[in-house]
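Here chain A shows up in two complexes: once beside chain B, once beside chain C.
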Partner chain A sequence: MVDVKTVNTIANLSRLEIADENKPYLQEQLGKILIYVEQLREVDTTGVLPTAFLVPEHDSLRDDIAVDSLTIDDALSNGPLVTKGHFAIPKVIG
Partner chain B sequence: MSFFDTSVAEIVKAVQSGTVTAAELVEKSLAAIAEKNEEINAFITVCSDEARARAKEIDALSAEQKSTMVLCGIPIAVKDNISTKGIQTTSGSKILKGYTPPYDADSVERIIAAGAIIVGKTNLDEFAMGSSNENSAYGIVRNPRNTNAVPGGSSGGSAAAVAADMVPLALGSDTGGSIRQPASHCGIVGIKPTYGMVSRYGLIAYASSLDQIGPMGNSVEDCALLLSVIAGDDRRDSTNARKTYSNDAFSSVKGKKIGLPAEYFGEGLTDEVRAIIDEKKAKLVEAGAELVTVHLPHVSHAIATYYVIATAEASSNLSRFDGVKFGHRAEGTTSLIDMYKKTRAEGFGEEVKKRIMLGTYVLSSGYYDAYYLKAAQVRTLITQDFENAFKECNLILSPVTPAPAFMIGEKTSDPIQMYLTDIYTVSANLAGIPGISVPAGEVNGLPVGAQLMAPKWGEKGMLDAAKIIS
Partner chain C sequence: MQYEVVIGLEIHAQLKTETKIFCGCKTSFGDTANSHGCPVCLGLPGALPVMNRQAVEMAVLAGLATDCEIRDKSIFARKNYFYPDLPKGYQISQYDQPICEGGHLDIEVDGQTKRLGVTRIHLEEDAGKLVHDQDIDSLFDVNRCGTPLIEIVSEPDMRSPQEAYAYLTKMKKILQYIDVSDCNMEEGSLRCDANISLRPFGQVKLGTKRELKNMNSFSNVVKALEYEIEVQREILDSGGKIIQETLLWDANKNCTSSMRTKEDAHDYRYFPDPDLVPLMVPDSKIEEVRASMPELPVAKEIRFAKEYNLDNEAVMILTDSIALADYFEAVAKGCGDVKMASNWVMSDVLRILKEKQCKITDLKITAKRLSDLLALIKSDKISASAGKKVFNAIEEQDKEPSVLVDELGLAQVSDTGALEAVMVKIFADNPSEVERFKGGDKKLTAFFVGQAMKATQGKANPKEINVIIGKLLG
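Right, the complex of A and B next:
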């Protein structure tokens, strides 16, 4: 079981608003999964390098040639609120 | 049962020679969707107008132009986490309702150039997070073989669309088994290619180090053909390996060693599925292959490893859904942070929220080493297990799932029970190797698949053996 304070902290870091009535469910579900993944502690990983890349055989750089990108209109086309060629957000500075 | 009861290659030949038109094929596909989709719910979006217009264009091409298109006139379904220019792409989430990408995914560009016609976008577990297609904001998908059963997930819509004969081919994506498991549950073929073979450009990312796009179809031949189209170099995906897949004739498996991992045939596997895999072993031996027992000592930890790595990557990848650039935005919020939180609370479903929170937790200060770093180390050990096994065999044969499709609602309350349905499939994603699910038998009228896995870039040999057991 994960305590409610931890749920609140993770929810804030995850930028998720969680209703109070849903917190016990998340405490239980996250707790169950974390208990299950605890099994990884049993594995001896002394000196084992963590996997960071799966395709190490080549460099991924493309040739340095200018290619077309999305137009500004295309890039903004799905914005929920767009003003004067920009994405608009709630006021940040008062 | 299969589309026109013949192979995709034969249908393509018919279109190229003019004995059938692309328009006729599209009408056949749209009619099947109109008849069956209300019950099966395989499609979130059906693009009838676009498909009909494209069919007209293809039918107007010269015989010479058609002759270069290896998927000429073939109706195809695309999983709804793969971007299609001008066609709604939701990833099964409310947060992307109405989102129409301004560009095509690389694999979509390739199938269009090859003459395929997209008839619709298929349902999936939200952001590909699930094994049953019960987590979609656009409703559950039903298994065409038994509509009380799940089709598997997360590419459940693509699998059901092929199994219900709505399309002969579909694109899916596989992060922990999301092509192979629904293929097994619906009685079709599905391939997860080697990591880096198919470009991920335009695939809405769930777990970037595990995701691969792959083909789903009625036969090994059909899937091999589609794989040859979607594989290839793309500099827009920095993990693309510049490999191609050549759809050559199938070869014999004579003298090939087929590895049977002892860990996959122990506890947890139902007797019925075991018996079906035993029949496939016999077929391979009959064809001249040799069976050897191999060991994968760390795969018992694969599910735990997967749920740490996949959720960690998801928590980062899904931070782009913030109500600013695309998709849903909550109304009546008081500040930027409040807008983010309310937008994401309203837009994401329960399973997605749970996985984002789990990923955030395992990456957070004080827990990173104990969870994320540890899982990345165990991932190395699992990869080494496969490398060692492939020193003793050419291919690995295993079940796809411990049991056939379960009933809708059966596993929704216990997350671990649901996650364990991927026990035989997640390791291929962790190790970056290819895997295929081939229909192998039935239990109580529900299909069961057999899985073959190969070393990286070993698709050709894997498909040769898959052809034998299919």
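Right, the complex of A and C next:
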């Protein structure tokens, strides 16, 4: 079980609005996830370096050469609200 | 109470690459909104970032220029936060394993050299631009999104706004010398945030720091720091506690305002970006980049002072950019007179650059032409004042100095016979002045030289005239 404060923090960081009646359910679910991760801790990893990447290390750089970008129309085509050649978004800082 | 001021700076510099850090979209500034976007920089699902080689080399160069260690393996991390200028919902940055670490920079303050630590330099992507609009809430332009940045973090080693200013000036000069950034604060290619705290003198523990943002010039950084020092001093003197927060500097009102009202401590939840493999920089690459390093500002300043015997002010002016320094050196070597070269470059060349608002390499008065012109003056082919006319004419007409001297009829008359004839006539026309001169009024030399200049439309060689006056009237 995680406490309701943690659920609120995570919801806030994820910009999710969660109704109060759904919170106990999420407390339980998030708690289960943590238990699962706790289980992983039981494995002895002494001397094993943390693995963040599964592919072998290699030179994977790109030359600094321009390629065509999307057309403005294509670039904007996924915008839920588009105006004056821009994505229109909610106001952030007043 | 007396407090010690502790300042640390974070500089964001846009790198001068052709393309963005993780995609092939152009980085050019000022183009039509949303014309440089692709699935990667728009954050479309499934798009994969690929690191720009040039940006890596520039970051390594910046690291070497500030005596950092370069990590052979550094890691990109996701910095998670929701903000509409960030389509992916996270910024790709570097966290616990940045590409450069542990460097330093020496500054001069009040004639003393002080070494300031450079904690780290890491690579990251810039955010997009938000345009605030009357009708709609905000407008988003993706063009800047993904422009490569280096963030240069200093140690909290500065003890006054003046030291912060010296650090910024020096860092900017280095970044421009190594040609990795335009460092234009107005266009936003260089940005600076400051962390500042106060502590009673002698106290080891640092006071609570506050972050200052939104300073759009170095002088505003100084002003904002001075303002914040007073604010913190007043709070501490009255027994209050400094609350950690981020403040925005308002250059019009000369004051700060709090950026966030809510007390939500940032939780960026950094983690290694699984879309990017570790960034490998082998020793061979570091050495290759080191070999491409130009002479750095400090080395050039010391050399100019020694080699050309210039005072500190002249050194700082002439080494302002590599292009100007190269220009000066070419002129000095070409005409063989350092003093003359430095005077002309610092006055006339800088004046014309300011008037035309162009690059020194775009001038019609090239280093070769200026040194040719100075050689003409030195050998008395033309007078110094005629030289100024030729200088301006070169810039207007794009012609060689010798050609313009002929076309403008500015060649100095040094032919003794011709000048003697001129002087004989002047003496005949001014008998009373001749008498007074002979009676000992030597100040009349200037009068005779003036008459000679008038008679020759300024082309008489004054040195020659003096000799003739002495010969004929002495």
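One rule holds for everything that comes next: the second predicted complex is superposed on the first by the 87 of 94 C-alpha atoms of A that agree within 3 Å, B and C clash if a C-alpha of one lies under 4 Å from a C-alpha of the other, contacts with A are read in each partner's own complex, and residues count from 1 in each chain.
Following the convention adopted for this analysis, a residue touches a chain if its C-beta (ideal position, glycine included) is under 8 Å from a C-beta of that chain, and two chains touch if they have at least 3 such contacts.
This structure is a prediction, so every number in the text was calculated from the model and none was measured.
K.L.:
Between chain B (first) and chain C (second), which, if any, makes contact with A:Thr83: first, second, both or neither?
P.N.:
Touch partner of A:Thr83: chain C, not chain B.
K.L.:
Thinking of the overlay built on chain A, is A:Ile18 touched by chain B (first), by chain C (second), by both, or by neither?
P.N.:
The first partner, chain B, only.
K.L.:
Kindly classify A:Ile33 by the partners it touches after superposition: chain B alone (first), chain C alone (second), both, or neither?
P.N.:
Only chain B; A:Ile33 stays clear of chain C.
K.L.:
Of the two partners chain B and chain C, which one touches more residues belonging to chain A?
P.N.:
Ranking chain B and chain C by residues of chain A touched puts B first.
K.L.:
Would you sort A:Ala66 into first (chain B), second (chain C), both or neither based on which partner it touches?
P.N.:
Once the two structures are laid over each other on A, A:Ala66 reaches chain C alone.
K.L.:
What is the contact status of A:Ala52 with respect to chain B (first) and chain C (second): first, second, both, or neither?
P.N.:
In the superposition, A:Ala52 contacts both chain B and chain C.
K.L.:
Using the superposition described at the top, list the residues of chain A that contact chain B and also contact chain C.
P.N.:
13-15, 52-53, 55, 57-58, 60, 62, 70, 75, 78, 81, 87, 89-90, 92
K.L.:
Looking at the complex, which residues from chain C come into contact with chain A?
P.N.:
Interface residues on chain C, with respect to chain A: 17-19, 24-26, 32-39, 42, 44, 50-56, 73, 75, 80, 82-84, 130-133, 135-142, 264, 267, 269, 271-272, 274, 276-278, 280.
K.L.:
If you look only at chain A, which of its residues touch chain B in the complex?
P.N.:
6-7, 10-11, 13-18, 26, 29-30, 32-34, 36-37, 39-41, 43, 45, 48-55, 57-58, 60, 62, 70, 74-75, 77-81, 87, 89-90, 92
K.L.:
Once bound in the complex, which stretches of chain B touch chain A?
P.N.:
Where chain B meets chain A, its residues are 99-100, 102-103, 195-196, 209, 235, 238-242, 298, 301, 303-305, 307-308, 315, 319, 322-329, 333-342, 344-345, 348, 353-354, 356-358, 360-361, 364, 370-371, 373-381, 383, 414-416, 419, 430, 432.
K.L.:
Which residues of chain A touch chain C once you look at their complex with the stated criterion?
P.N.:
Per the touch definition, chain A meets chain C at residues 9, 12-15, 52-53, 55, 57-67, 69-70, 72, 75-76, 78, 81, 83-92.
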